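We call the chains A, B, C and D, going by the order they appear; numbering starts again at 1 in every chain.
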Amino acid sequence: MILFQCDYNEGVHPRILERLISTNEEQTVGYGEDEYCEKARDMIRRKCKDSSLAVHFLVGGTQANLTVIDAALRSHQGVLCAVSGHINVHETGAVEACGHKVMGLASGDGKITAMQVKDAYNAHVEDSSFEHMVQPKMVYISNPTELGTIYSKQELQELYAACKECGFYLFLDGARLGYGLAAPDNDMTMEDIAANTDVFYIGGTKVGALFGEAVVISNETLKKDFRYFIKQRGGMLAKGRLLGIQFEELMKDGLYEEISAHAISLAERLRGAFEAQGYSYLVKNRTNQIFVIMPDAVLEKIKSEVGFSYQQRVDETHSAVRFCTSWATKEENVERLIAILERV
Amino acid sequence: MILFQCDYNEGVHPRILERLISTNEEQTVGYGEDEYCEKARDMIRRKCKDSSLAVHFLVGGTQANLTVIDAALRSHQGVLCAVSGHINVHETGAVEACGHKVMGLASGDGKITAMQVKDAYNAHVEDSSFEHMVQPKMVYISNPTELGTIYSKQELQELYAACKECGFYLFLDGARLGYGLAAPDNDMTMEDIAANTDVFYIGGTKVGALFGEAVVISNETLKKDFRYFIKQRGGMLAKGRLLGIQFEELMKDGLYEEISAHAISLAERLRGAFEAQGYSYLVKNRTNQIFVIMPDAVLEKIKSEVGFSYQQRVDETHSAVRFCTSWATKEENVERLIAILERV
Amino acid sequence: MILFQCDYNEGVHPRILERLISTNEEQTVGYGEDEYCEKARDMIRRKCKDSSLAVHFLVGGTQANLTVIDAALRSHQGVLCAVSGHINVHETGAVEACGHKVMGLASGDGKITAMQVKDAYNAHVEDSSFEHMVQPKMVYISNPTELGTIYSKQELQELYAACKECGFYLFLDGARLGYGLAAPDNDMTMEDIAANTDVFYIGGTKVGALFGEAVVISNETLKKDFRYFIKQRGGMLAKGRLLGIQFEELMKDGLYEEISAHAISLAERLRGAFEAQGYSYLVKNRTNQIFVIMPDAVLEKIKSEVGFSYQQRVDETHSAVRFCTSWATKEENVERLIAILERV
Amino acid sequence: MILFQCDYNEGVHPRILERLISTNEEQTVGYGEDEYCEKARDMIRRKCKDSSLAVHFLVGGTQANLTVIDAALRSHQGVLCAVSGHINVHETGAVEACGHKVMGLASGDGKITAMQVKDAYNAHVEDSSFEHMVQPKMVYISNPTELGTIYSKQELQELYAACKECGFYLFLDGARLGYGLAAPDNDMTMEDIAANTDVFYIGGTKVGALFGEAVVISNETLKKDFRYFIKQRGGMLAKGRLLGIQFEELMKDGLYEEISAHAISLAERLRGAFEAQGYSYLVKNRTNQIFVIMPDAVLEKIKSEVGFSYQQRVDETHSAVRFCTSWATKEENVERLIAILERV
């Protein structure tokens, strides 16, 4: 059986594994205050071309989201996001458990616009009874989104400008950031992202690491006391160097980009095969997640050989399902999947 | 200037005021453990024809909502309600501040259906990744709703049956309950409501009292330790007897019904006048709130003489606004308002 | 039976009742935005000789405490107070329910010192692992304290200076403030309190009102968005004018001072009687609460005639109990109590 | 420089590393639902001789503590623990951030007694105003404690009996459990611990793993929906198999015991050296943490060669400091440390 249901089915990229092995017996201080973390932070700052950035390493995405959002908001404030946003749907209410409302904005493709942000601002300021409503204070986007789509540089710039205008923080969830930056239709760099958000994170878990997300903060207010929040929310890893070592390696010699390009290239290959079979998409995108609409009968036939994840029912006989590639996807498995698709 | 923007513009019904005056110098124990509260609880139990009900008096509606919901839910659980539900829109995230997600269901008229409840249940159980989503555990409805509509007895029975089937609590916010029960198209009694919910409250603030909501609990699990939650959330009134005295008087000699009938009768009079002028409604209802669509030009003309509340923009030249009657509305003011409407 | 167990056994001072009656049928806007509230705010600002103060009216003490503290602290911050502080002992964890640690400081008499505040600061800054501990950010004191003691002006000034030095907010719970200011050994005015705290409140519930606490904020940071917190925590009274009317009357013509002086004078009379009987105190003080140590046998004898509240066991045959006087205490009841004490 | 300040200075035990390497390229499902996790769960159940236990793997100790405690308590409930308990001191208010009061009990040696638990119960039930206080519902202990002491089997049995009597859950934090079980004065097995608690965890981070704590639940009520809490609090590791692989290896062929015995043997060697030098202890214990009182002058001399952690000031010229051994401590480093101690 070959698995395509997600981008975290395997362990870690061999180059990173090598470093974990070679450093295993060294003694370092804990909690991310070691030299590996310091070096990885520097490399990220350099990639973002901003030496003033604060960089913190967390273990996973939900942890990163809840910690950043809780650190940013006072009790009466909420966070705007697409209704399909990960924090709104798939984190078991992690943000609400910290006391904050997730304020969903309509979205068909997983993205939101500067106009929607301004409208939300106006809806909460023009109304004379605004004290009776949650005060939006942060905008959460993901890039790529949960539907695999990406923001253009202009879209991000407009969003950030709208946020500045409204007094909102802009937070970009980059759990799959590498795959977004490697997409054929992408026009942004990591530097662009650092320059057009208040805080974002560089996903490691889905892009080559065993685990780990690097939270990058440019907003001065958000930098203050951030380590307290990490500790309070259970995210301070005792052997913090594990995160530093992994991110140091990811940032070195273009590994992060190389890993991402590999996944995208295989996704494009797979996309070609789906299209050759005449399948259409739930949402069109060119990152490492493919949301394809298939007949239930076909899915029934292939499910003992191929792992995919169920997304949603489309009509009585069709469903949308997700196939993912990753840094670890083997070309031979892609070819096997294509052969299976051609056969059925 | 005459005010119709809400149903809490005045003080308290004269009969209740009389009792507050006559008992003022008595000494009683605090925190709702006095005899007035005990007597009021008994009267409510009798009106609901259920001697096993737990009854607690709280000061206001947001306080009642957040206390009931927090007492009912564990951290990973959420509450389903209409998107227009008061807890979703106008309580500054009070429920989220207690850690719980408010899960909005689509609704045009402020009501939700048994089918929507079952669908929500299925969407969170059939999906294999349900642990990644908030677990719904309570259904919140208001009757009348925030749009002045009411549930029929059959609708409530079906909702309650659906809740039982799904293992959800049903909670009815009755901030304006009296006006719902007095509506010409209502077919329920307070007994029906007690028998078809796990917990509900009888609104006092908007129906003749200075303040006060009587939370009525039939579900045994919800009864446990409820006073701890009241105290923790700041709702335990030191001079608790003030609530007992008010509810005792409201429940006595049909005062609650008399008050409600008065407001409904004047609302119907007003409705007749709006219809005579050819106005249409945002939502049609027959309780004490009238959501009428009017030309902005007309609103501009009358606003210095009449208080109303702005609801929403309808088109470029029309808005929906709200006019309320209450126990305290004077017939002469209704006639003045009608005269103004006819004049403009 | 005559009740001395607390200072909220009765209703409201007759002068205030008079105003509630005479204004009952007026129409005003809700939520504390009416003219009565505005006028009461002005009177409080004038009494504190500071026109820049923000004043908000809340219904009760626990509500005031949790709202102020939650509005002041970010998630990783806590509040320092005496171990006997009301927020640490008798509010069912209201502050923790908002996510904040109450950090108890040793205290024999209910008071804490500037030195303790500085020590707490040092203990959390000198330690290299401070990110692993809650960050103190506010100091909560009550005046009079839960044990009836009061701060001298110098003590308060020193505390406030220490807070400024450490970057802490100083919050004074004045649930019984009037009785503190009227105590024979007091050397402060309300102006002194406003000038030496960041936020405090003037208790109404226990000093003549039906209910109500006036939160007075001098710190600019704390003023921001405070009404959102009131609403979110369930403290925004629909008929907010009830609070305005009561505080306007309390602040007028020295009523607050007159009420307080009455209670203190009767407490002093009672203290004389206890001392004449040779009883000693758990804690010595001269406000309206008397914590006297009495033989259990005596308490057993008087308990059917007199209400008092049990404080704590002192030894095998003695307990400390509390007797309170209030604005409403009748001289004849004090004399009856003294007669009973002399008899047993 | 040789580090003794904590037991998480190094990476992972070589046998576990081997397994991580050999399984690295395998494809498995995520979130702990893979076969490695399943197998590790079974091995833990077997070691505890109870096939009904629920076992969940979390990344770190603070995360485990906050998740277990939040899953166990309703909003009005708190957790009892020694004042020195990790949750009370060194988790930045993680438990309070979930809304629950940590109720500290006096303790000189890091342990609490059955009698203290019963007293806490009585203090909250006998008092008539118990609704005004947090309701204790869980008892948290650590074994070894934060001061390196351990409970005897009889002490644990008595604590558990007291908890059952009072209706409290008993939760044992076993972050260093292996070292406790390997101590010369220990008389318990892991089976004893499973049989005398409602929930406990087996620490991996400090006992040979890269990271990981195995939460073991025997109480049926606590088992329900536990994975929701893990996800909500950010503790659900995407590549969950990393935890399964590590715990499978730890539980295999006595590795956990072997690792622990190694650390204890070196700690005993070190203890002998400290005693030979005439040093005394802050608290006496025989686990892997040594809390020794040393002259500041000596500490000053050795600090450039040896890492230790500062515990507290003892008198003007002495401090208590901590030296730890672990699975990874090298005998040669212990000898070097001893040589340094003899030299100064």
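We take it that a contact is a pair of C-beta atoms (placed from the backbone, for glycine too) under 8 Å apart; a residue touches a chain by one contact, two chains touch by 3 or more.
Just so we're clear, the structure is a prediction, and the values are computed from it rather than from any experiment.
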Original post:
Higher C-beta contact count, C-D or A-C?
Top reply: C-D
Original post:
In terms of contact pairs by residue number, which of C-D, B-D or B-C shares over half with A-B?
Top reply: C-D
**OP:** Compute the distance, rounded to whole Å, between the mean C-alpha positions of chain A and chain D.
**Re:** 33
Original post:
Approximately how many whole Å separate the CA-defined centres of chain C and chain D?
Top reply: 42
Original post:
Just how far, in Å, is the C-alpha centre of chain C from the one of chain A?
Top reply: 50
Original post:
Tell me, which residues of chain B touch at least two other chains?
Top reply: 75-76, 91-93, 97-99, 131-132, 135, 228, 231-232, 236
**OP:** Using the touch rule from the top, collect the residues of chain D that touch chain C in their complex.
**Re:** 75-76, 78, 89-93, 96-102, 127-129, 131-135, 310
**OP:** Can you check the complex and tell me which residues of chain A touch chain D?
**Re:** 2-3, 5-6, 8-12, 14, 17, 20-21, 23-30, 59-63, 66-67, 91-94, 97-98, 205-206, 210-211, 228, 231-239, 242, 307, 328
Subject >> Residue ranges of chain C in contact with chain A within the complex >> reply: 31, 70-71, 74-76, 98-99, 131-132, 135, 225, 227-229, 231-232, 236
